[in-house]
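In the two complexes below, chain A is the common chain; its partner is chain B in one and chain C in the other.
This part shows the complex of A and B:
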């Protein structure tokens, strides 16, 4: 709850700040490599002060999108604007964007201090001010004592922070991060995630962050855009993307999902009445704003494993199906049960409380879920 | 934190590292056996004559060495060698750098054709090149005929035999050698480092001066040392394209050994060359290692 609230306020502050003059608007972006479409009509806005993550599997076009915004890749069509001004064709050096690569790409022949001051030197900032700002930025990332070392003398995590300081010191319009945590081990990564988010809050800089790690995206982002095969499938807050996935891909990519084939009987765009494979009818939420079938069409309903529960025979439920209990795994904080129903294996997770006793394998069980917890997905195009 | 991160690989890796070291040691001795014929060849063809050279050179005695240092044939050739080698090194490395950059940055076609040209130049024997330069640069050669036909000059330019022809041929000979160490450093540069510099506001010139040049410098140093070493050994090109005044140290060695049949002086001059080349080779190997 508290996490949600803080995200809302920071997003609100962000949009209110400068009436969109520092927003980065990406419209209709496309890029082809030979016959292969790397990007397909990509649209989004990086709002001023926002932490937006591009999340997607390998090869989905995240780096290409970032490269086009940074100016390293020319798009075949589409536009990138800062405020109302297009920056297509502008050389990277004039775009004033801070970039951090997965490989950090520090200047190996320069000291940490000289690395951080590089952007200021290029901007002809006087030496005294340059040193002062460089030093302050190194303090902010906790590396003040390492100023005279070379990058090779730092650990991976420290190099990552130098790269961040180097990108931040120029007061960029936005920070573009291409899997900046990809080279760190898990424990360090979680620590840096929190640090990075803290620095972003403090400085109020907009961040466009690229990752294929869903946990990382959930923890850090104000909003996230889920990419697949060169398209953005859904863009929303992490909570909404998880709770209300709009496509099969998003439902599967983010956490676990039970995907049920249904016949749509009624669909008013917000709520739908559907028939499951066993003929039973139920009510579900329509999560996608567009692309769901009307009455009589085939569709898919997504139900998260933790939103299904075992129900007694007399319990009244908006959705209920019968099945056979298969197995149950004890995971410490939760239990992960598998039930054969509707011609497929359904996953049900429930928290480990004393009241729950696992049925015997082969036992008949009844699964139920609320209408709000079933999502009718957009049809595949 | 760093300790934590290294525990895994260290503990599990230690025994396998040791096993690999043992295997490597056994492999090294095994390899030596195969090397025996080559070693025998080197012992007979290089170490033995070198030993004889050193002994002969010392037979010269203090007075002989002092004479040598006042011998204008030697001092002149030594001066020529230093001046020519330095000049050629500077010019050749500059040319090689731009060529390497063109290969590195060029499109697929430019890259393939330039590489082919370099390899052809590299593999063409020096005698063929000499004949070609002769045809090109002599008084009634291609260049002079062309310039006269165009009315640029009245009489022929005396380029051959002489320093101009010699220098051009030597530069042409060493450029391919200089390209490889430079190119090998360039291709290993991380494109993202340059992109990072660009994104921080660096113009193409600044990217070159502040990033590309410092990072390719090890290759430049290695190339320069290599070219210099090759230059100190030039014999055929000065002998065929230069006048007697343009001769280098190797030609003086040949003069004493083959024409004046004074092996002691020949050995002494040769030893000077060997020492200079030896020191430069050690430096080159250091520099070359730094490029990896």
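This part shows the complex of A and C:
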């Protein structure tokens, strides 16, 4: 085999991408443990070449979903298909998925090179080609000099890259990452996030990544699915999920959010007119595909702290409420202020610039935000 | 979610303070334990034909007698064969049981494990009697295979426990990653389970060997003409024919044990050798 296989695979991907033959389609997936639903009607598609993150707290079902796709867990209902072919019931060894575990799970008695070549050995690839491909993959992750060491002689970050190389060398249909950065310390983690994303771009492999770390999800993902209590609450690009959260859970889980109770007066599905708790009215954005209340219903509006600003009395604003200034924390690049308004504490962050002087505690202030920055959330069912 | 893996470094156990007082107090105990054993050495170098201490004349009569007697050589060879077969049987059955039992995920798993461990708690005489009766039906009393099977019953709990301890430290993700990389049942065993339990299998095998080679009660019950193990021969010789040859063979045995411990220390160092002997474990992870 003289042809560079990365070219072969990217060619295969290019043709595969057109008809979705390498897409992984998850439909109606459910799993019960006793009476508890670990998963409930989970649907998504991992598109070919995409970096998709399942983000959620412990017990949200993200690891169960990954386990079902990998073949370690049997679902109670639903289907997982690669292209149009169901892989439910297929043993893990035949699924051709590369998996990186949080513990890395490197074979402790094998050298780094033998670890990387393991999948090729199982596929009965001849020794010479096995060595060549293993070596190239180690070079790609920058560990060519460590081939003869044992995993115990490597640092955590290096072990993680060996695990990645081992999973990639088999040209997997997709790479499944089970909290692979969880064991790394914070600084190393950011570096690895960028490296990982780079390798993914280079190889064009589809990645399904499971994590509870929102920052990690934001940095690396093309799209992210926020999971809670066995369901996907929202699936979209990181920007859209942050800017236009569709539920209270998503708004709270990803960054900080001010959640305001409102009465909906008008709702045309894209824009809504609402009344806040103090009676003032305002206009907000509606982007949730499902379940926002119509005219006359109760609702919740989410406004990110950095999207609220202090406004002068004569400033015309689409949304404005009055409140009492409570306190302000100086965070270097920004200021984090707390204002008592609408019967709750609102958080306002603003960048530290010369024009801004913090009001005295107890002072009356006016907070304003644009219609595009207020988001009417889906009603909780 | 899963916890991050533990750091590889484990705090070194603190060394017990070795004060002169401790040494002084320990010496009598050590002498009390070791002296009777060491006494056989001078007693074996006698020129006479009676067992006495100290020997009235020094010589190598006992050793000449020992090597002249085909019986000793035969029983030692027989014992080695019995022990080897017992080791093989225990390692095979207990190793497979330790791997397979948790994978069945059945109720009563603990009960099965308890049954496997019964020979540890049962009085050996009772066990010997039962085995004797049972083997009578099978007509394998007084055979090499019979004694080896009986000894493997004693050996199974040791291998089962050491292998189970090793498996409890095995990361399930290793099995899963091997499977995801294309490994079938055999390959998972060959590349994940076997390397993980190999040290435990070896220590278990060593324990079974020692237990079997040393075992006298069961062997006494089911021995027969042409099927006499070394300890049985030693025991009967002491009872009926107390000769210096017994002292000579004991001395040789003692030398063999000391030699193997020295080799062990040279190969693995003092700490690990002591742990291996004391716990039958690959490096000090206690049960």
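Here, the second predicted complex is superposed on the first by the 363 of 381 C-alpha atoms of A that agree within 3 Å, B and C clash if a C-alpha of one lies under 4 Å from a C-alpha of the other, contacts with A are read in each partner's own complex, and residues count from 1 in each chain.
Throughout what follows, contacts are C-beta pairs under 8 Å (C-beta built on N, C-alpha and C of every residue); 3 or more make two chains touch, one makes a residue touch a chain.
The model shown is predicted, which means the values in this text are computed figures rather than measured ones.
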Next item on the list: Evaluate whether chain B and chain C can sit on chain A together after superposition, giving fit or clash.
Entry: clash
Margin query: Quick check for you: in the superposed arrangement, does A:212 touch first (chain B), second (chain C), both or neither?
Written below: second
Notebook entry, point to check: After lining up the shared chain so the two structures overlap, which partner does A:170 touch, if you call chain B first and chain C second: first, second, both or neither?
Noted result: both
Margin query: Quick one: is A:92 in contact with chain B, with chain C, with both, or with neither? Answer first, second, both or neither.
Written below: both
Next item on the list: Mind working out whether A:183 is in touch with chain B, chain C, both or neither, as first, second, both or neither?
Entry: second
Note to self: I'd like to know which partner A:63 touches here: chain B for first, chain C for second, both or neither.
What the structure shows: second
Note to self: Once chain A of both complexes is superposed, is A:157 in touch with chain B (first), chain C (second), both, or neither?
What the structure shows: first
Note to self: On chain A, which stretch or stretches are contacted by chain B in one complex as well as by chain C in the other?
What the structure shows: 70-72, 91-95, 97-99, 101, 103, 105, 107-109, 118-119, 122-123, 163, 166-167, 170
Checklist line | Touch list for chain A against partner chain B, complex | finding: 70-72, 91-99, 101, 103, 105-109, 118-119, 122-123, 155-157, 163, 166-167, 170, 185, 187-188
Item checked: Residue ranges of chain A touching chain C (in the complex, touch as defined) -> 58, 63, 70-72, 91-95, 97-99, 101-105, 107-110, 118-119, 122-123, 152, 163, 166-167, 170, 179, 182-183, 212
Item checked: Residues of chain C that touch chain A when the two form their complex -> 1-2, 4-5, 8, 171, 173-174, 176-184, 187, 191-192, 195
Next item on the list: Please name which positions on chain B make contact with chain A in the complex.
Entry: 1-2, 4-5, 190, 192-193, 195-203, 206, 210-211, 214-215
